[in-house]
């Protein structure tokens, strides 16, 4: 059984450790609007923010280029930073980058590494809770969009999507449909239908 | 709250209870009709709209984002900023002044304190969360309706909370306790007690009172509020579920 | 401005240079417009206008006031605009910004210049006239507040009640006559980007526009107010062309308002 739950709602009358849940006394409660899968004891957020984790791929915008570090805007209360000496080419204010979370320091600053500059293209923010669905299991969903639109697509765990080339309008439509319908079943099939036959990986090549 | 004694002197108090019913036909423990819509404002991180009797209120949430100016930052947790305001065209009477007055500033403060209790602020040190409550049309009980709406707006923003508060007021006219006062009742009643509750433990998050009540009446008022709260909580949950369920239904 | 809007703007510029817009709309085409009125019965008039994701509410109140000294037989008109902080991450609570003051004054000028309200009909008695307060409430920002606000104000005015004044008391509520409206004014706002001009700029387009021109009119060939904004310049030929476009496009807007009157 799964059900939509709201913040403060009782999930279980026993303590169960789970993401987006909290334990008080012998009970477990939700902190978010989400879908609770009772058998699995898993709460999938319908609405939720991004909590940076080491290894997350993010898309950021250079907010300030200082001599020894760059401040990166991450669509988040957490500030991003890149140490300048680890970057080969100099970045500028307004540059869009894809990077990996190296660590989160004690001031909750997100230290990034391996930045790649993204030139041009279209960028937009979506709710971070929808990102796992845009990517899909083993990248199935995002690959489907790539194949179906021939667009270059980058997805940041911080709730940001970057598109370039190919059919950007169709790719945008697909991403927004996934965002709206993330909590439904059969979504992969519907996105396949939207994108047409090219979205499927080619056999035997 | 007018203060009944004062009104007696003018000889002008309208009778609030006629034949055991209130002026708008409600029973003593009956709320006005409530309709809540979750979401709706695209730019905000979260938003909600309520029609509570003749009250029409929008709430929106921005953040968490870096708290500015910097001296407002708390290195341990997020700071909450709240602005309750009434549109100059919101009342049936004359055009109001724009900008928050002393009343609005106080309501902003007590509203903020409700949400300081339930938002898991430790997750976002150094940041701020902004809550805006805009009263577009008012008919008494706007602070309670505003808190109820803001709770839904926060839930749609994905900001983690330990509870989903609601609020409603109870008042007194003559010997009767009455639930959810409208403007006319608010003006001429003998007491008004707006309360916000965190339903998980029935914790009292906002409590104001003005007028004259006995201890027994206060406690009886609290149980009226909690009983009404079951309905309000249900409406809040339905509003939050509705946008998701309508999409699920599309593909059934 | 949020850094992301700047980046989004760059993409929009790329498209516009090729003569295309997001969502496939023509350069001189409005987004979907939705107009509702009468949703706030406490106010004498109210209207909500949605243009794309821009949402503007207008509320109108009428109070008894004193006439201006130089116009003792005329009612008063006051237009105010609030860029509510819930409408955009770029709006801050506090006193009116220059942008909100410009918005309210541009809307106000169109209404006055076109003689939309018969101010003489608002005279009550010696020293007493009706004051009309038009409040523009921006609820969600996605560009072109000027056209949304003037459309909201005009729709609210067109469906506004006139309270009664009897024995020193204002009588409000239902069963009142309509505020006498003698004309309909609307505006068309254009954004200039490089050498391209577009109608009804959205938020990302406004983020990178160099110039903005708002033209308000009531009938064909008559202009009632204009406002050019930002550093970018318009040529005479462009002005000539945009006046014609305004005359053409304003028909759609006037139709929307007249339809609201018959609802």
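For clarity, chains are labelled A, B and C in written order, and residue numbers in each chain start from 1.
Keep in mind that, in the parts below, a contact is a pair of C-beta atoms (placed from the backbone, for glycine too) under 8 Å apart; a residue touches a chain by one contact, two chains touch by 3 or more.
Source: prediction; values computed, not measured.
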Any chain that touches subunit B and subunit A: C
Chain pair with the higher count of C-beta pairs in contact (B-C, A-C): B-C
Chain centre separation (subunit B, subunit C; CA means) in Å: 32
Interchain centroid distance [CA atoms averaged], subunit A/subunit C, Å: 39
Residue list for subunit C, restricted to those that touch at least two other chains: none
Per-residue multi-chain contacts in subunit B, two or more chains: 65
In the complex, subunit B residues that touch subunit C: 41-44, 47, 54, 56, 58-60, 62, 65, 83, 87-95, 98-99, 130, 132, 134, 136-139
Complex contact set, residues of subunit A against subunit C: 61, 63, 73, 75, 94, 96, 120-125, 169
Subunit A-facing residues of subunit B, complex: 46, 63-66, 75, 78, 118, 120, 123-127, 154-164, 198-200, 236-237, 240-241, 244-245, 247-248, 250-251
Residue numbers on subunit C that touch subunit B, as the complex places them: 39-43, 46, 53, 55, 57, 59-61, 63, 80, 82, 84-89, 93, 95, 131, 133, 135, 137, 139-142, 170, 172-173
Interface residues, subunit C side, partner subunit A - complex: 3-4, 6-8, 10-11, 14, 24
